[in-house]
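Next come two complexes, and both contain subunit A; in the first it sits with subunit B, in the second with subunit C.
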Partner chain A sequence: MDYRQLETILLVEDNEDHIEHTMDALHEGGLVNKIIVIKDGKSALDYMYRRGEYQDPKQSPRPCLILLDVKLPKMSGFEILETLKTDSEFKVIPVILLTTTGNKEDIDRGARLGANDYIVKPVEFDNFMHKVKGLGKYWALISNLTDT
Partner chain B sequence: MIDEDFLKRQPEQLLQSLNLLPQEVVFIRKDYTIFRMNTAKIKQHPKLRPGMKCYEAFGFHNVCDFCLAGQAEKIGSYIKNPVCVMTGKKKNKPRHINIIINALCGPDKQIYGFIEIIDNVEALYQSHDQLEYLNKEYESVIYALSHDLRSPLISIEGFLRKLKKSRQNPDASDIFDHCLGRIHANVEAMNNLVNVLLDTSRIITGKLDLQEVDMETFLEHLAEDIRIHAAERNVKIEMKGDFGIELCDKIRIRQVFSNLIDNAIKHSGGADNLTIEIGTDGVIYWVKDNGPGMAPEIKNKVFDPFIQSTKTDGNSFGMGMNIVHKIIQKHNGDIWVESEEGKGTTVYFSLKPEQPE
Partner chain C sequence: MSGEKKEPGLSEFLLKHRQQFIQKWRGLVEGNLEDEIKNEYRFDTTDFNELFSAYIDGSILGNASNSGENEAHFVKQKINQGWPLSIMSIINIHFMATAREMVRAYYPDAFNARMEYLEALSERVLHNEIVLFQSYENYVSNLNTQLREQAETLTQKNTNLIEFIDLATHQLQAPLWSILGFTSKLQRKYYATMQEQGRHYLNRISANVAEMHQLIEDMTAMLLIDQESMKKHTVFLHDVLHESIKRLHSENDDKVSVIGDMDSLAINGDPYHLRQCFYNILKNSAQYTKNEKSATIHIHYKINPDLHLFFEDDGIGIADEYRELVFKPLERLKEKEVVGTGMGLTLARKIIIGHKGSILLEDSIYGGVRVHIRFPHTIIKKP
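Moving on to the complex of A and B:
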């Protein structure tokens, strides 16, 4: 399958184990979208603004969905969220916050900054799809499900 | 009976008793003339003399607009007011006080004067500020802890599920090894975090084991240990200045230098030409590196608990600088950071432990 034809998901997560579990959950559920993993906040913005190593649009396609961990090195998830949601080019891209604790203040702060939804880790496929359906227009993900 | 005669009799026994109080006490006549003061008042305002008008203490030539004695006279009762006065030559040192002024009446209900009692509550204010600071720190620790303890638990849970799914698969020995290894690493990370927290708690609540330390020998040994441990990194450790004898808790101060040097190595980005200088000018110590330096936003909160400038490994919790700060605080010292991105970082500190009795 040519992944370039599929919608890309951007996963911004620094914890290697959590990356593994999220990828496992999404792939085991049958999702075949390309998932690009970025491990720190600054690089996430570099990716979105195509700076540095992410300058090539073919290698750095615009994501249709961003899964964004709250606690990241160099720049927090909230700082990234604020930057993206105040930028007219990126504010339409849905962002699902990933939180370890489900801390209410974090969730409220995320909502204020424009997060579309949140998932308390670990990411599980059913929960993920439930959230994606809630975002409405992103049927692209669902149409990419393989028969499992 | 408190009347004009009472004031005239100048009861020495009463004044002697008032002299024992930490509060400033002053008797003022109805015409705002200072009549008598206790020792605490004289100590605080050495230029005040009996016979002076009380408002002259504030540099006024007439009764102050905010005169509490006037208000007490008007309502015929006492006035209690918390006030913050700016003191010092530059009038920039706040002094929080509680002022109580009561009208002194005779049997005929006539007011003969006033008694003013000033209670210095600056220490209380400082304790309050300190408590607020500790409370905020406590909240941020709880927040970070809930994340840093839950994060490995989520990992462990994920690997256990993976193991469960793979248990029927005869070819899953690699998956088994991987999952068990990661579970072990996460348990170790949690254990290390708990140890860091226990150590932090011991620093806060424990006593320093003060002893005179020959800093030159002590730091040379430490530098040698680090050179051996960081041999593959080709880290250069230099000593600068004349290191004398320092009264300190040797184990804790070793922890300070070790944490600062570890940080310099850890955040150097793997550079081969890392040079770390351990220096002193006889009063201040420093650990200087030519590493990548800190971004201003990290520098400003570098001593906060659970602050990480870069992702290092699962056993780094961003508590190192917080522990360093606490140890220096425990030694009554000061600590500060100078850092510029691309130019390196220098952490300065002083030690002023109280002499053991």
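Moving on to the complex of A and C:
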């Protein structure tokens, strides 16, 4: 696996504030990976399949982790998840769902479609920070191990 | 098929051939009775003559107003003498058969006319029945169509409602999370430099947004929980209870102590929702403590043969008149200021009803409230 592929985290999120909060949490967690933000479902798949503006592989490095919001414009997070997890090329890339509710149906559906984990954007914002920071450390560690 | 023919004079005919009729009839009846019965009940001509008179005048021929009474009198008399009803039935059947055979032999034209009449009658009755049946069939078919259409409409409305709830939930939660994110940032980065009043405002914003978030979560859960949404399988209540206690302890430190257990009880239930239910009950007890002291919750159960679970606390209790009220959505008794949405017990009841059970509040021997849950027919494993 190309080391550079492990550097990138893809954040698929349409809400500007949520992007800011998530990026802050990742950075505060000491995560140094490159984070690419995509704001709608269709563009997320264009990115993964290198279509349209993402045709150039240099501009669309394969992510080592995808943080995927459930509610997105044009195409839902579940549809993206299903597409990626049924594609032999992408199914190994871990996908973590981001959701604003702890709705059991959403969580179960995500698990059925192959999500590796989920983060409920919780009321206790510090918990979210804590979870994302932990995530950052974990993936940074994976990146370093693979690099050496 | 000929039309309706005049009924032949059957009664006159039978009276004319009385002796011949009785002879044939007696032969038929006797031929169909066991010897044992014949000996025991002693059929003689007197009996037959008496019965014949009753029948001949009777409702079978329909020419005497008191015939039914005579016949009934005879039958009653014989039954009093110990004749079984089965014999009376045999006598009656063969009376009709004899009458039919004699008419056929002596008056074939009349007999055929009567048969045609009956056939036409049957045809007409059958036709009417078919028409009636078809109209019923159409009626039932229309009802089924209406029911199917109503079911489809309801399903569509339900789908729309669920989609709306889902969308509304996400759309309502998203800005709340934005606000929380920024208040969290203010608290982490600028709290130290803020004046006391500013800190107070910030804390109130956070607390209110948090409450609104929880309210949306609870209301969504309440709208979506029903029996169909439950994913039931074998659940060990000890595990469910301890996960609920763990969550409660993580939020209340050591303020709550729980005594008792559910041992190795297992029921057919939905663990996710049962966890939510137990947590809500425990949380309620933890909030309504006397003064600010810690809460002790006693848990026990009995089987008789339904499963009864009890959660008893030493809190402030709930007066009789409010014990149903607290299960209504958004109802909060103001005896004590607590953080909460007023949906906890509403959700708990909905979950228990989803398990075909019941939940109610009673007095506790520990001074507070006893939550009594009954699960019928769900026990899979007893301790």
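Simple rule for what comes next: the second predicted complex is superposed on the first by the 115 of 148 C-alpha atoms of A that agree within 3 Å, B and C clash if a C-alpha of one lies under 4 Å from a C-alpha of the other, contacts with A are read in each partner's own complex, and residues count from 1 in each chain.
Please note the rule applied: a residue touches a chain if its C-beta (ideal position, glycine included) is under 8 Å from a C-beta of that chain, and two chains touch if they have at least 3 such contacts.
Note that the structure is predicted; figures quoted are calculated from it, not measured.
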Partner chain in contact with A:Ser76 - subunit B first, subunit C second, else both or neither: neither
First, second, both or neither for A:Lys39, with subunit B first and subunit C second: first
First (subunit B), second (subunit C), both or neither touched by A:Lys121: both
Contacts of A:Glu20 with subunit B and subunit C, given as first, second, both or neither: both
First (subunit B), second (subunit C), both or neither touched by A:Lys104: second
Where subunit A meets both subunit C and subunit B, residue numbers: 15, 17-18, 20-21, 24, 71, 100-101, 103, 121
Contact set on subunit A toward subunit B in their complex: 14-15, 17-18, 20-21, 24, 39-40, 71, 73-74, 100-101, 103, 121-122
Residue ranges of subunit B touching subunit A (in the complex, touch as defined): 143, 146-147, 150-152, 154-155, 157-159, 162, 182, 186, 295, 308-311
Touching residues on subunit C, where the partner in the complex is subunit A: 166, 169-170, 173-174, 176-178, 180-185, 209-210, 213-214, 216-217, 220, 224, 229, 272
Touching residues (chain side subunit A, partner subunit C) in the complex: 15, 17-18, 20-21, 24, 70-71, 100-105, 121, 123-126, 129
